[in-house]
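Contents: one structure, followed by commentary.
Just so it is clear, A, B, C and D label the chains in written order, and each chain counts residues from 1 on its own.
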Amino acid sequence: MFFASDNWAGAHPAINERLLRESTRFAAAYGTSDLDRAVEARFNEIFEREVSVFFVATGTAANSLALASVARPGGVVFCHSEAHVIEDECGAPDFFSGMRMVPVEGPLGKMNMKNLEARMARYPEDAVHHGRAAAITMTQATEVGSVYTLDEIAAIAQTARAHGLPLHMDGARFANALVALDTTPAEMTWKRGVDILSFGGTKNGCWCAEAIVFFNPEMARELPFIRKRTAQLFSKSRFIAAQFEAYLKDGLWLELATHANAMADRLRDGISGSNSARLAWPTQSNEVFAIVPIDTMKKAHEKGAKFYDWLEPRDMSEPAGEGEMLIRLVTSFASTADDVDAFLAAIG
Amino acid sequence: MFFASDNWAGAHPAINERLLRESTRFAAAYGTSDLDRAVEARFNEIFEREVSVFFVATGTAANSLALASVARPGGVVFCHSEAHVIEDECGAPDFFSGMRMVPVEGPLGKMNMKNLEARMARYPEDAVHHGRAAAITMTQATEVGSVYTLDEIAAIAQTARAHGLPLHMDGARFANALVALDTTPAEMTWKRGVDILSFGGTKNGCWCAEAIVFFNPEMARELPFIRKRTAQLFSKSRFIAAQFEAYLKDGLWLELATHANAMADRLRDGISGSNSARLAWPTQSNEVFAIVPIDTMKKAHEKGAKFYDWLEPRDMSEPAGEGEMLIRLVTSFASTADDVDAFLAAIG
Amino acid sequence: MFFASDNWAGAHPAINERLLRESTRFAAAYGTSDLDRAVEARFNEIFEREVSVFFVATGTAANSLALASVARPGGVVFCHSEAHVIEDECGAPDFFSGMRMVPVEGPLGKMNMKNLEARMARYPEDAVHHGRAAAITMTQATEVGSVYTLDEIAAIAQTARAHGLPLHMDGARFANALVALDTTPAEMTWKRGVDILSFGGTKNGCWCAEAIVFFNPEMARELPFIRKRTAQLFSKSRFIAAQFEAYLKDGLWLELATHANAMADRLRDGISGSNSARLAWPTQSNEVFAIVPIDTMKKAHEKGAKFYDWLEPRDMSEPAGEGEMLIRLVTSFASTADDVDAFLAAIG
Amino acid sequence: MFFASDNWAGAHPAINERLLRESTRFAAAYGTSDLDRAVEARFNEIFEREVSVFFVATGTAANSLALASVARPGGVVFCHSEAHVIEDECGAPDFFSGMRMVPVEGPLGKMNMKNLEARMARYPEDAVHHGRAAAITMTQATEVGSVYTLDEIAAIAQTARAHGLPLHMDGARFANALVALDTTPAEMTWKRGVDILSFGGTKNGCWCAEAIVFFNPEMARELPFIRKRTAQLFSKSRFIAAQFEAYLKDGLWLELATHANAMADRLRDGISGSNSARLAWPTQSNEVFAIVPIDTMKKAHEKGAKFYDWLEPRDMSEPAGEGEMLIRLVTSFASTADDVDAFLAAIG
């Protein structure tokens, strides 16, 4: 009953098998091997266009370097007030980019367009005291399990374009959002105006595979130096490449995300039909937020269920009442229907 | 015939096997799992005392965060003029620590004590214009294949102590130096006055396993935040731990380094007895520097040998003559006697 | 009719006279002269205890270096959501300290204690992902002309102490707040728990005189290096000292602030009794915020009045209606009753 | 007998008079006043072309921001090994620009062209590990009193151009060099290929007046934000402008530098003819380096002479012998012939 986070899962056998194969040979270091090249080309196919790809160690690194690549002195970056970049990365995006994250509020973990515009209005191009707008970053799927629709992505991108700003997407759970929307990588990104993507593999079956994908190669110009200067250039980079090769082969990544989302569906259904718990808000990907009696929660913990309680967002319409609390449940490629059912049984 | 670098090698089967086993289970993320704890404890045994251990993605990260942990405003760090931190990390140590690397010259890749003292004299404690001494970092084995003796380490440490400075050791090739000196990890580090160690596993059989080891836990106090803020905290940190577990089990790491060094011995012997090439300077670990006729070098390349030419150090006693050049040859756990012999044959 | 800002004023004759006298002699550079020492001692008298004093070029520098002096990796600083450090310094505090400013809302430009506690609760000591609390900074007088009472200062300081955090006060308009409260420098700072003060002289009659005052000398330990490293150590530092000497002599600074505040009183009285304008909220120092018809505002501009329109705070109880706007009026040591009356006449 | 540094001098009466006049009026803040504009235009005349001018607080700030304006990730800056930017600014240029200073040796404080080319060869455009060349900075007059000839400036500029690098000149003693060469500001800068100049007024009669002058306005594009973010934008910026106005009026600045240089000539002549002291090396501007018996030096100190002893450069042809030491003597606009003669008498 492991629902604490999708990064508690291990690695998929296909990933392991590919790593094993890679381990027996010599190859050029620092991202210059044939395999690095081949996997970079594979990303072109996945995204139906030429892209620039850079492997890094963590999702925090992907986000931070993506923003560093479009840094401007005195720049500010607009993000949702609960976004990973502002709440969960200990200031790494600020440190790497030299910019500040400016919070934009909105329900369900999504930036509200009006709030976004209002915030941006405070940072015009010549605002030497305030600082100036430099980028927008959005998270897909969001931190709270929701997913921006394609139209919502396009709307944010349009605003970014109107202000001459690049749009970055934090895709730590990109695959989960993709299958939730039943669309293509191209449609969910550059065809809607996304310029840079943090493409996460770690949470969905790899053990360490994160990439920054640039749809606008001009923005990637300085990245090789930025990456090295931030200690993110692996000598045996091809082991990241190997993971991505297996991950992207024959649609494995979509299969794994589909499974994770299905397990979340099963959780949602169970909670909806439960007497003891209720869904906190609608989610679409592999995260489920529920309000449960504290007693129930304790019992579930005693039975071995792993999950975290969660800080309530400000704009929650039906907050937890007395004796209740908000919890987060995350499914992954490694979750099983049995585990889900055991959990549902545990919370009665 | 892969002698370009030890980071061109793959990964050892025992490392793979351990990763495979780890991949099938769930465990807590961000370095808090039982395995992370167990491997940290294993480092205590290896070093015969309690140490603080932090896993990071690259050797550059290990060095940079080690120095960041002892950073002082306006601080300078003394290192050999050819050290990795000043020559090969694109300024990452400067960026992460906010300090400057000050070069100290000395033959054979080792800081000369007189030069070190002379340099340090320029940065007394109250030198608000120059900046002030904040740390010394040494590389073991050095960038050019030599190894500091235990007495040499102690001498540098004594100077560091006399000035109240911490001493860091860049041990990207720690195991190779260790077996070259036939000593223990404790003797080569804290028993001689080393405070912080970059402990490398990647070049010696892991595919991505680097650790910062603090012998003085007080210096590690801020490291958890520094590591997260520099995007070096792996969510699936236990896969680094797993590599180290296998690496340190039953002396595997020493076995692999012994092998690599033996292959370098074989290379050295072959070159010493060769008519066409000569050793550029004496080396003791897994790196060999040779001066070869350019024609010979080209032929070796044509036959598939992989190696790099090298910039000559300033203080080289017998530099390459006309029609010659300096090359670097690095052996690893994966080098074979056949490969070495093939190379020796290739250079005639 | 110059009400745009108190930094549009020139310099007081007594300041000029003292600068003139200083200009004719030689003296030691970089803050080591007899005069630097004497003025530092003068600050001890002003604050009734030994303090550490550092002169810098701008108020932004004072705030940024004050926060840098208590920086912690991954640290966050709590400030009012409209504070100068977060809204008007282009990220200098973030850049110099390596920390992030976290906004705390509250009416009248003052941090609300409940909001402050709630914000702080998100950054406990071990919050490696969120970051951790490192400092609180408050502005006295605030950006919107209000003044924290001594009890309010003590309450914030108590919270800071309870969390082991230093408390910084941005005193760009320290003198104006001081005379508004009719208290002493000691009472308004360290006796209420303030640890570090940005002491501004520029807005109140100097032309360039800002100081960082440490009530806790331990916190100042690294400042000499931090200041030099941020290019804030004047070679002819004694010319800042000279300004402060004249400024603090015979209570000149209090006299000037008393005058500026009185001119603001006159403005407030005039606006309160006006048919065309109304006070936006109560203010106590040398800033007045008024809501005026747009037509009136235009006419005043045409007649030569200088002032800025202002972005409405979120929590404004009676916002500007249609055809109206919010303006800010700032008085200074150089404002005259005639100017105030002319302005009042201009807005009818 | 004040020869410790030209920044021990006060301020010239004409500067004071102009400041006095400026102090009595109101004007727009933050560099937007009519006077700021007028003085910026004055720089166009001085340099015989349109330039972009930015006032900052210190010479260290001017150098650091100049380099920050042409910063590239992973960039390195070439400077003389004894240059102020690498030896006397506590790492401010590194901190503000995010780049590293790479020392280039050469006699008489000037970069040797061969050494410069050799150093640059190590940092080609794609050197992701080493870092890449980003700028060259030279000092005119140098730290040791010598002056680059116009041809020498052109040669460095040509190398910079060949590598696509901007050339910065640290002109803390620009006026002293200018009159030593008897040339024009245009000839000594952009006509010889200089792109950015730190134009110092403080050492030559102002009390605080430093400017960054961009001959290539494109390079100045980000400077307004960089300056604000580094706390270098004065609110009462016009008081810097006022000093420069007086300084540049009717050739005052050249007159003052001519005087300072003449006083240095007098010192040189006296030392050359002395039995007890000798010139350490030839100098041309307002700095004189002499080798004197330690006893003589002590006596001079006792008689009230102020000067510093100096660390001997490595390449000094005739170093101080036993019982001797190297001292530095700096003259300024405020030095008098009587003072010089008294000093010469004091050293016998």
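Keep this in mind: a contact is a pair of C-beta atoms (placed from the backbone, for glycine too) under 8 Å apart; a residue touches a chain by one contact, two chains touch by 3 or more.
None of these values were measured; they are calculated from a predicted model.
Enquirer: Identify the chains in contact with subunit B as well as subunit C, in label order.
Expert: Under the touch definition, subunit B and subunit C have A, D as mutual neighbours.
Enquirer: Identify, among A-C, C-D or A-D, the interface equivalent of B-C, where equivalent means over half of the contact pairs coincide by residue number.
Expert: Equivalent contacts to B-C are found in A-D.
Enquirer: Going by average Cα coordinates, which chain is farthest removed from subunit B?
Expert: With centres defined by C-alpha atoms, farthest from subunit B sits C.
Enquirer: So which has more C-beta pairs touching, A-B or B-D?
Expert: A-B
Enquirer: Please work out the Cα centroid separation of subunit A and subunit B, and write it as a whole number of Å.
Expert: 34
Enquirer: Please report how many Å separate the Cα centroid of subunit B from that of subunit D, as a whole number.
Expert: Once rounded, the distance between the two centres reads 41 Å.
Enquirer: Which residues of subunit D are in contact with two or more other chains?
Expert: 30, 74, 89-91, 95, 98, 128-129, 131, 225, 228-229, 233
Enquirer: Which residues of subunit B touch subunit A in the complex?
Expert: 2, 4-5, 7-13, 15-16, 19-20, 22-30, 56-61, 64-65, 89-92, 95-96, 202-203, 207-208, 225, 228-236, 239, 306, 334
Enquirer: Quick one: in the complex, what on subunit D touches subunit B?
Expert: 74, 76, 87-91, 94-95, 98-101, 122, 128-131, 311
Enquirer: Which residues of subunit A touch subunit D in their complex?
Expert: By the definition above, subunit A touches subunit D via 30, 68, 72-75, 98, 128-129, 131-132, 222, 224-226, 228-229, 233.
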